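Alright, structures below, take your time with them.
Heads up, the next two complexes both have chain A, just with different partners, chain B and then chain C.
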Partner chain A sequence: MGSNMAENHPVGFQWVVEARLRGAKIIHVDPRFTRTSAMSNLHVPLRAGTDIAFLGGIVNYILENDRYFRDYVVHYTNAPVIVSEEYADTEDLDGLFSGYDPESRSYDASTWQYVGTTVSGAAGQREMGGITGEQAHYAQAGELGHGGEPPEMDRTLEHPRCVFQILKKHYSRYTPEMVEEICGTPKELFLQVAEALCENSGREKTSAFCYAVGWTQHTVGVQYIRTAAIIQLLLGNIGRPGGGILALRGHASIQGSTDIPTLYNILPGYLPMPHAHQHQNLEMYVERNSAKSGYWGNMKAYMVSLLKAYWGGAATAENDFCFDYLPRLTGDHSIYPALMGMIDGWCKGFFVMGENPAVGAANGKLQRLALANLDWLIVRDFSEIESASFWYDSPEIETGELKTEEIGTEVFFMPAAAHTEKNGSFTNTQRLLQWHFRAVEPQGDCRSELWFMYHLGRKVREKLANSTDPKDRAILDLNWDYPIEEESEFEEPDAEAVLREIGGWDENNEPLPSYLPIKADGSTTCGCWIYAGVYADEVNQAARKKPYWEQGGNWVAPEWAWAWPMNRRIIYNRASADPEGRPWSERKKYIWWDEEQGQWTGYDVPDISPTKRPDYEPEAGAVAEDAIRGDKPFIMQADGRGWIFVPAGLTDGPLPTHYEPHESPFENALYGQQSNPVREVYPRPENPYNPSDGDPGARVFPYVFTTYRLTEHHTAGGMTRTVGHLSELQPEMFCEVSPELAKERGLENDGWATIITSRTAIEARVLVTDRVVPMKVQGRVVHQVGLPYHWGSKGIVTGDSANDLLGLTLDPNVHIGEYKAATCDIRPGRRPRGPALVRLVEDYRRRAESHNGGG
Partner chain B sequence: MSDSHPIIPGSGITGASDAYNIEGRETPETRPLIPLGQRYYAEEKPRMGFFTDTTVCIGCKACEVACKEWNNVPDVIGELTGQSYDNTSSLGANTWRHVAFIEQRKPIKMQQEAGLMTPGSEEDGEFRWLMSSDVCKHCTEAPCLDVCPTGSLFRTEFGTVVVQEDICNGCGYCVPACPFGVLDRRQEDGRVWKCTLCYDRQKDGLEPACAQACPTDSIQFGPLDELREKANGRLEMLHEAGVDDARLYGANEEEYGMGAFFLLLDDPEVYGLPPDPEVVTRKFKSLWGAAAVAAGALVAGVAAAFAGGAR
Partner chain C sequence: MSIRDFIPEWSVPRQIKGADRWALGPAAQSRHQAQLTPRTKKADRVVKSVCPYCAVGCGQRIFVENEKITQIEGDPASPISRGRLCPKGSATRSLVQSPMREYKVKYRRPYGTEWEELSLDEAMDMIADRVIKTREETWEDEDEEGCHLHRTLGFAHLGGATLDNEENYLIKKFFTAMGAIQIENQARI
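After this line comes the complex of A and B, so read on.
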């Protein structure tokens, strides 16, 4: 679900095909019939943006029919835990949880806690300070009761305030009939999916979910994945072979770019970025972010070792290991506020590396207006992409909204080396680091990112060398002495030296074997604690390419590349054995307790201290992993349990709830609350929204559209529209519509259509196809329009950009845009040229009374 | 166990098979000329071919791209065709692998296989999207080879049929001779270009570029005997699973032998393949016979005329 794996991950999809050949059932739930559907046993259509209703329906089916894996649920999840009396559910408050403040459009999450204790999340909004500040205190306590269990539990799962009963009530109205009403999916089809999933789960079998940005790019994106997590925990499909929830990434190493993040709010290894006011020093930072129990109990050791990697000898216990050199957060510093800052004039410079916002980001016009208002812009890419050429060839130049001579942005284009021209690693969705070696030297001025960042840093340091300004110490004290490749003609830094730093070393400069020896006293250095061990024994473990048939019959193949953490191929794999440590079944055995040897054994590296007995109970005062019982697999959580109900860490509710997309032609059939109440909106003239159902102008934009990629092109097209052999395969921007919509709007196959939203109008060739089906929702037929987003003004093949149609509205947890469901109108023929285009869109806005958010 | 592991993941080539490993290399100078009309190379090696299992084709077109990259086949940037996701339309001088996309309303047998069926109108049936990567068939009796007057087309030691671009004079006789429309003249230079089954790669012991690039093993390369055996096994499996539509195309030497054959889910014409291809040159013998009779009659007539004239 939420993924078109065959088209966007064809290489990984070979294993899905192989699984099918061996008898696995493949089910594809997607608004369109894609190349993935063609390879599946069953394609299940649904309306774009309604997956939580669908998945919630499965949760309800599991609970109503007693299909959950009881032993797993009772022992390994927080289903038995009793939740605070103050908690009120969306069933009580018509679509809101307790703690909602309409003024600030945010939640105070304190009422979502367990009775008698407070726990902090293993990720996400750990300290909750970003919301109200006050809640920062709640993460501090985080202590469990006797024997490492939450203070109040009901293992019979019958207490009305235990998580299990709350869950049951929360999803009680997500019936098959309601799924049909909201998603448009025929009830019988939905039931087939629910039954197939239940049938294929339990002791003997496991099922997996694969998802991609079809799930994440919504105003409730995080909660989509949470719903799948609930299903998988109820069915016992986490931490076991063949189970899991697999995030399919949009580029090679997107996983790597969150592990060693390019995000503003986390540091390597998912350490939170410190806040300006709440984290005055290291001690306060650690106290407010880490729980006493669970693996995050070691946060200080990981942070200190990271600071040592950054500042080396300058980082000492006396100066708090240079903790004060780290930048601090004062709010949301994601790309979106920065974009608004560009338009408003306070953000003056911008690095664009590995992305093409002028084509690849929502509301392209807003993106380009932002670029046009900068002092300087650096674009690093293979060729001059639209984000570098907007000042002379953007749609706004054509309409006259921008004039080249009035744009002051100085654009620096830096040619980039391709992955075949540099050494480095890719981290894939399975957390597997695979090293790639340079095959050819980059041509001309093309250089690797490593070269660019290293030499940029070197030059900045040279310029600041004589500075006495204290603020420059953070840069001057940096560890910035990476070795240069001996043979290199242009001083390419040694990528393996960087990997070695990431993997870490001890006081004797010996590479760390794993994260276990990482210390908080400054004696160890580690650039990313979860990657510790990737350079164990002075060997680039990620570069291992030993095929599985040379690995003594172990099908897990631990000597192929290296997986974080500690080369573990399945995390939380303690869950593959029962509470006593025996495999749930012979067929699905993976790791188990060996009583004779007094340790855990199996095919993989156990995700539990190797000698921690299954019956281990922590003594009072135990901390970190020692505070987790021997029968609890989810060691990153303070209570060692998989969280069905999330008491802390999410900004928009402890349980996933169906909300309509920000722009929807339908009302929320379940609650009075139409959309996610805490979704992020940008009500600005550059970012008008289409009215949703209930607003008078909603019918002006009666259709749902969704954006996607094709196998033949890659994302915003910078890598593929420049290649003839790929361009010829999909030479033109097109839209996909059903024969019914084609008839309704007079669209002809192979003809042209204009698609209009409050933002702009674009044109596309038309493919009329049965692969797009009209859905019957709430008694009405809704048509969906499919739009690939690969085209722009540059390259061999050009065309309008689908992302220009989208408004900016975001998920509140991770600030990802709602790219996968919005509303539009469509009509036959090409769009108007020049200023006439602006007039057309203005006319639509007037008719729809398009507004600036709210709801 | 170890001998059945693929050398290259996804390649279908197993460690046990060294059948296509070539010892020594021949240069054009040392390569013996192949007499016209001879079907096989003098020093025959196991006949190599393709088995294209369309039931696992995901339509990624990696085969088209890999083929063009390896063989330096030019791109042809056209317009959107409006024919599903197919924008290269057919095999030709500049497209040696072509992925067909067929959208049809029909019961999806795969769903029966798994005990899952989509409900829908009985009349329409359910939707299915067939994809299939087409290629030169490297026929057992290749008509193109028979009609080529220059010897540019020849049968390689791997049993494949290859055009030598330095010999082809662009006469085009082979173009109508091919029952599959594979042979085609390139407009720019007038010569005929088609799939070589990566003759150069085979000589170096490598599998063809398309087969190597195929992520799902829809395109399998190997000794034809082994491929046929594999294909029969796969067919049996599908039939057992209730996929009654599944059939092999071009695997039967007695009907029409192909060095590149297919597993299809529908009639060949659905995929743009001729249901009953014909070796047009088989008729040459009878044609020459008829010509001889006619010539004889002519001679007799002329002789009779002369005889009459003498009177």
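After this line comes the complex of A and C, so read on.
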């Protein structure tokens, strides 16, 4: 679901095809019929933006028909835990949870807690630095009672306030009929999916979900994944071979750039960036970010070792290991507020390295207006992408909204080295670090980002060398003495030395074998604790390329590259065995307890302390992993249980709830609350929204559109529109419409269409196809328009950018935009040129009374 | 070409004489073709790599001859890809050798209408000056309540998902030391 794996991850899809040949059932749930659908046993269409209703329907089916995996659910999830009396559900409050404050449009999560625990209601204090998104791994489940269990539980799952019963009530109206009403999916098709999942789960079998940005790019994106997590926990499909919820990510190292983040809210290894008010010193930071039980109980050790990696000898216990050198957050500092800051003039400089926001990001005009108002911009890429050329060839130049001579941005285009021209590691979508070796030297001025950052840092440090300004200490004390490759003609830093720092070392400068020896006293150094061990034994473990056929028949192939953490290929794999440590079944055995040897064993690295007995019970006062029982697999959680109900860490509710997209032609059939009440909106003139159902003017934009990728192009096209073969294979921007819509709007196959939203209008060639089917929703027929988003003004092949059509509305947990469901109009013919384009869009906005987001 | 030279080159006599009547195999092969070898055979070295497009992480083998890449193909040893590459991965050599690739720094001055040339070293120097100046102008020591901020919102960074872990590490490390917090990448899309 939310993915077109056959076209966008074709080589990964070989395993799906192979599984099907061996009898597995493949189901593709997607608004469009794609090659993935063609290779599946079943294609199930649904309206874009309604997946929670669909998945919630499956949860309801599992519960109503008693199809859950009872032993797994009782022992490994928080289903039996009793929740606070003060909690009120969306069923009670017509689409809101308890704790909602309409003024600040945010939740106070204190009523969502387990009974008998005290937890700070962080989620409601977003501006005060609430813990959300990537930071929310270590949920604050409060103090555990005796024996490492939450204070109150009902293992019969019958207590009206236990998670299981709350779940049952929450999804009770997500019936097959309701699924059909909301998603437009015929009831019979939906039931086939629900039954197939249940049939293929349990002791003997497991089912997996694969998803991509079709799930994440929504104002309820995090809750999409959460709904799948609930299903998988109910069916016992997490931590077991063939199970899981698998993110199919789209860039070579997008996983790596999340683990070792170029993200504002985290430091390497998912340590939160400190907040100005809540984390005034290291002790407060650790105290407020980590629970005493569970793996995050070691947070101080990981943080201190990171500070040692950053500031080396300058970081001592006396100066809090330079904790105050870290800049502080005070709210959302993601790219979206930064863009607004560029338009408003307080964000003046911008580094863009290997990304092309002028084409790849929503509301392209807003992106380009931001670029045009900078003091300086550095673009590093292979070729001159649209984010570098906006000042002379953007759509706004064509319409006259921007004039080259009036744009004050100073632009540096820096040619980048390719992966073939540098050493380094990518982390793939399954957490595998794979080293790529340099084949040839980069030519001309082309350089790696390693070179660029190292030498930029060196120059800045040289220029500030004599500074006595206290704010420059963090720069001058920085551990920045990386060795230079001996034979390099232009002083390329040694990438392996950087990887060694990431993997860390002990007080004798010996590389860390894993994260287990990391200490809080400053004796260990580690740039990213979850990567500790990647340089074990002074060996670049990520560079291991032992052919899989030479690995002694172990299908896990542990000697190919290296997976974080500790080369573990399936995380939470303790769940592959029953509470007593025996495999759930012979067929699905993966790791198990060996009583004779007194340790865990199996095909993979066990995700539990190797000698922790299945019947281990923590003593009072135990902390970190010692506070987790031997029969609890989810060791990152304070209670060791998989969370069906999330008491802390989410801003928009403890259970996923169906809300309509920000722009939708339909009302929410389940609740009075139309859309996610805490979604982030940017009501600004540069970011107008189409009216949603219930607003006058909603009918001006009657169609739903969704964006997607093609096999032959990559994201914003910077790496494919410059390639001859690929440009020839997919030469032109097009839109997919059904024959019914084509008839309704007079569109002709191979002709032109103009697609209009409140932001702008773009043109595309028309592909009339029954791959997109009209859906019957709430008694009305809705048409959907499919738009690939790869084109821009540069490259061998050019075209309008689909992302220009989208407005910016974000998921409140992780600040990801709603790119996958919005409304539009479509009409035959090419779009107007020049100022006439602006007039056309203005006319639509006036007719629709487009506004700045309410509901 | 004389008739005497032509006859042995011509496939028809071989078709008539041999087993390959439809000239679908050896009968169709000319002397010239018989002497051809794949360019991978002549490579000076084969370098192990990873596909730069999506996150499946298919193994690649890069063939290098005279310090030039002559071929990039799938690595059969990879348990992930077993030698396969998709259309994008198969086009990797064309990506790194695209005629549209830039090899020189380009500079556009404020309000300028053309790109200008600039040496790499001068560009690096100018960028370092810009970052220092903007940081200085936009520095925030503490907020109105006196809480420690130690930061600048004066510049931002975008990108990282196409880069190496080691590069992301240096980006985050250096910009954090400079007090910049708006460090972002494609994972936010």
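As a convention for this text, the second predicted complex is superposed on the first by the 831 of 855 C-alpha atoms of A that agree within 3 Å, B and C clash if a C-alpha of one lies under 4 Å from a C-alpha of the other, contacts with A are read in each partner's own complex, and residues count from 1 in each chain.
What we mean here is this: a contact is a pair of C-beta atoms (placed from the backbone, for glycine too) under 8 Å apart; a residue touches a chain by one contact, two chains touch by 3 or more.
Just so it is clear, the model here is predicted, and its values are computed rather than measured.
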Combined model on chain A: chain C and chain B, fit or clash: clash
First, second, both or neither for A:G457, with chain B first and chain C second: second
Partner chain(s) touched by A:P261 [first = chain B, second = chain C, both, neither]: second
Contacts of A:Q14 with chain B and chain C, given as first, second, both or neither: both
First, second, both or neither for A:A38, with chain B first and chain C second: first
Which superposed partner A:P241 touches (first chain B, second chain C, both, neither): neither
Partner with the higher number of touched chain A residues, chain C or chain B: C
Partner chain in contact with A:G786 - chain B first, chain C second, else both or neither: neither
Contacts of A:P547 with chain B and chain C, given as first, second, both or neither: both
Touching partner for A:Q192 - first (chain B), second (chain C), both, neither: first
Chain B versus chain C as contact partner of A:L726, first or second or both or neither: both
Chain C region in steric overlap with chain B, selected from 5-13, 59-67, 131-139 or 167-175: 5-13
Chain A positions touched by chain B in one structure and by chain C in the second: 10-11, 14, 547, 549, 711-712, 724-726, 729, 796
Contact set on chain B toward chain A in their complex: 1-2, 5, 10, 56, 58-62, 64-65, 68-69, 74-82, 84-85, 87-88, 103, 105, 110-111, 113-114, 116, 118-119, 127-131, 215-217
Interface residues, chain A side, partner chain B - complex: 6-7, 10-11, 13-14, 17, 21, 25, 27, 33, 35-44, 186, 188-189, 192, 196, 547, 549-550, 710-712, 724-732, 734, 749-750, 765-767, 769-771, 796-797
For the chain C and chain A complex, residues of the former touching the latter: 47-60, 62, 64, 67-69, 72, 75-82, 84-89, 91-92, 94-96, 98, 100-111, 113, 115, 118, 120, 123-132, 134, 137-139, 141, 143, 145, 147-174, 176-189
